[in-house]
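Chain nomenclature is as follows: A, B, C and D, assigned in order of appearance, with residue numbering initiated at 1 for each chain independently.
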């Protein structure tokens, strides 16, 4: 079948909607949201890091820009979540493009450190920008009844698509996650993916084989940044609170590279598997161990996977079955 | 000679205070087999880096097919018809041999070509190289000669007018050298102009119509193989007398 | 403690006031420069080990600051239970960190170098190490802030030169002296000795080393261990200057990598210069523009330098 | 290619199964329905790792002492009390998940907040959604936007917390008749709120603000900042800092000196055992906020001294890695759950509406004295102390357990000393 994957995507979204419709247990939406967000972040990171071989250490910067674009829009225009996501995607994409231009001569670790530096510079700016709450952070009330084209999305009394905000945000996150996986897969399967791969393997050889390396890198930084920004845009609404420390947390940088690594960086499924696995383990650890052992699990998992399964879980499976 | 394919016009390149190329001028004609020799560090690789666009020349002009290449990006030059191989093979190691060849075909070929057409084209090149059986293998499993051939095959897949082969035979056995020579001569006979950089004198002399010799960034000799062999300057450069 | 400065009576004369303004400005400027230089010394102590591990050996040891925190806690224990001077304590624990470095590199070599794995996986390995170290610290020492005691903490020397008043805190002076000595020692060691040249050669050309008849793995392991052994003194300086808790290392990750990259990979003296530059930048910004802009300025400097010179200030060769 | 696809599908299925298994186990585990003999469960998130872990762990120990106490007294509604808590890692991101788990899976009867404003904020919508009572621990103005009628907060900073917090301090410095003020705060939520309140107080007093800056969390050397402040010659210097900065500033001020007559105000961390003993005599002269100090007039908090003694014994006996003294948070962490227990017992049933109403109209007697909550769930009056560090001779921890090192300067009715200019005490 030609559109097997696309049909799969639609089925996943239907399942996600049904899941909210059934109202099984509200905890699942709240716990599921970060996992889906992880899927999106890992997938976005992998477009540049996994396919193109450029390690982005500033994931937190792109997410933070997304989050704070959303905050600024709420503060300024009282914009709804859909507008926040779209504009945050544009802003973060533009940031990705400019970072791409700016660092186009940098390779390897220099690129990684430059992105890290960017994240810190951005955090400093937000810290000093009182309009979005500055260092103190900002909290807001969740949208009561968002509307689009006359449709009411949330209404606890029935008649609307969603019973409460958490379900609504969960579904939006699911749509975004599926969307980013679809984009990543389309890139991977096409000329762009192969071009990025050749850059990862040997940038000079790629250029000599007619691959417009600069253009491809700019494309990858833009798409990757844009998706990260979108993932960040949903964050303030989910928490109803955001501060620079949370939005620019180093944890995002760690997770965004750990997840594709654990899952496998060479195919779209790797980051998805890694994100689901790591996300679930982290959510589970918080509500079971609930101590410093959380951190230990992450540390041990990381070391275990990079030493024992160098190509991630997906690579490990494929080798086993060869 | 009619209008040359490549004109190198007083090209200069400095690295900091060090002059790697000074005022090199030469021409390569259409369909010519052109040899480039010189001792280590004489500027051979720098010159082809300037021609292929890996480096930008500080002075002078490089004119290819009537077009001045100054300021043109490397991939654009490849599209214009200059392709090079690397001294140490640089395969795309995460891909199969077939996918390695697909990269230039896809990025330089006709937009919208079907995957089938691309694969057929890659396969036919591999066949001429005698590597068809390796098409779906990983590059990590290849031998030295196979890596050299892959490097050439990938360059040829870019359909160059001018192929620059940078020491494609280093480290090969006598028989293998002949095998590579045969492949190159074969492509030349189909109309491809070839610049060969080589340390194996036997190969260069046998292959080239015309040879230039660089020493310390300067062109010290130019001529047919017979002339070069007898040139005192070349001898001095090589023996360091 | 310092004696309080005499407050000048406000003078009605405008030129007099102006002159006072100039004096105040000059005093601030010079003090900021001195303080920045000293702070740079502290930064150098934090970064110099990484300059070896990361700059020379390409191991992205992101756990370096956290290992320094571990050393700081060791210093704390020696200081609070035996009353040993923190700097002395730092020297005492240096061999432990040397051994630790030896072990870590052996593991790293086994899993990554030998199989020529991508740097990305090595990075993940060191992230794992960072978390594990932090957890061990939390379990052993708890999460409270710790400080050490020494005579030179909380005191400063002050002087009036040419009508301008200076003061230099001893603890920062100590950091500056120790860090400079450490850097100079390492710089000489890597420049002048056979081992040092071999270690630098590892960075550029493995082949050359084999020709010299040296085992590159031994050299790398040794160099990494030396890099980590700097954690001992760096930890001592850290706890002299700031209160330490297990997660505090994370705050310095950005700084130390910025310094190593700014200085240029593989250049030990470059690292020292970069540390001074950032120290002075932070100090000047804190004095004249407001401390909250300091991170933006120091990382802005890094981005600016990278944009014009992709290999850092004193870096050589390829940007890969 | 098809083969690869098949494995992918397999891996995907495996990951999916894993996730589903997790969800199911976590959802189905405690299915037991609340019955009358089952314990009353109180759920909360707490910072046990990360930046606020020092406070979080201290609070947890205090809450566990309360749990023992109430259970000895027969519990709540005749049922034993069980605390259900998870580590939020000082990361707001984890908080919604934790409260949802507590309410939807663990089915706790009550929730109280974790420690600190940032970690209370993300819990608010979850709690408001269920319309249940929510006790807050050291939140700064969390209810400002929500105006949630079932939120009650224990930080004794009065109805307008940001302003009330530094109110005592500004009362205390009136003795110096200041004209100018310098303000410095950490780039973090709590400190920023404090500074905002301080600015309002300063304006109300007609002070001229000559310096107003923030510093980032990894500042190592504060001497340039102190010099910059000194160059503005402020009469008083208000600092709202976090532990790292507090310690750095105390030292930098010792080294560079200052002519300001009052220094301090909102320095978090100077109340911690580790920092107090570490900084020792350098603390002399600082005028700072506090909530409970071992001064004789603190008897108005009945049982607090006793509680702190028990806390210190427990910490020593069980070798807990927490603050050895516990003055800062222990009484408050004890009180905020205690008040909840008192209210539920008085109402006699789990009826959040009635409990909230009772909490609003009652004056509670607790280890932190009489507590009365106002409209917005904050204290009706500010009970923040202004204390001055005096007569500290060395780095011995024991001296801080005795009266005289931290003298109360305000409120006037319980004051134990006269406020002196900073440099007189150096």
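Keep in mind that, in the parts below, a residue touches a chain if its C-beta (ideal position, glycine included) is under 8 Å from a C-beta of that chain, and two chains touch if they have at least 3 such contacts.
In this text, all values refer to a predicted model and were calculated from it rather than measured experimentally.
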Neighbour overlap between chain B and chain D returns A
Via touching chains, chain A connects to chain D in a minimum step count of 1
If chain centres are mean C-alpha positions, then the most distant from chain C is chain B
The chain pair with the larger count of contacting C-beta pairs, comparing A-B against C-D, is C-D
Between chain A and chain B, the Cα-mean centres are separated in Å by 43
Between chain B and chain C, the Cα-mean centres are separated in Å by 48
Chain A and chain C have mean C-alpha positions lying a whole-number Å distance apart equal to 33
Each of the following residues of chain D touches two or more other chains, namely 48-49, 187, 214, 216
For chain A, residue numbers touching 2 or more other chains are 124, 127-128, 135, 292, 295
Touching pairs here come out as A-B, A-C, A-D, C-D
Per the touch rule, the chain C residues reaching chain D in their complex are 1-5, 7, 24, 27-28, 31-32, 35-36, 38-39, 42, 138-139, 141-149, 153-156, 167, 169-172, 241-243, 245, 247-248, 251-252, 255, 282-284, 286-288, 290-292, 294-295
The answer for chain D against chain A in the complex is residues 3-4, 7-8, 10-12, 15-16, 18-19, 22-23, 26-27, 48-49, 85-89, 91-98, 100-101, 103-105, 118, 121-122, 124-126, 129, 142, 145-146, 186-189, 191-193, 196, 214, 216
Residue set of chain A touching chain C in the complex reads 49, 53, 55, 102-103, 105-110, 113-114, 116-118, 120-121, 123-125, 127-128, 135, 250, 254, 257-258, 261, 265, 292-293, 295-296, 298-303, 305-307, 310
Per the touch rule, the chain C residues reaching chain A in their complex are 54, 58, 60, 111-112, 115, 117-125, 127-132, 134-135, 138-139, 250, 253-254, 257-258, 261, 265, 292-293, 295-296, 299-300, 302-303, 306-307, 310-312, 319-320
Listed in rising order, chain B residues that touch chain A in their complex are 52-54, 73-75, 78-79, 83-84, 86, 90-95, 99, 102-104, 106-108, 154-155, 158
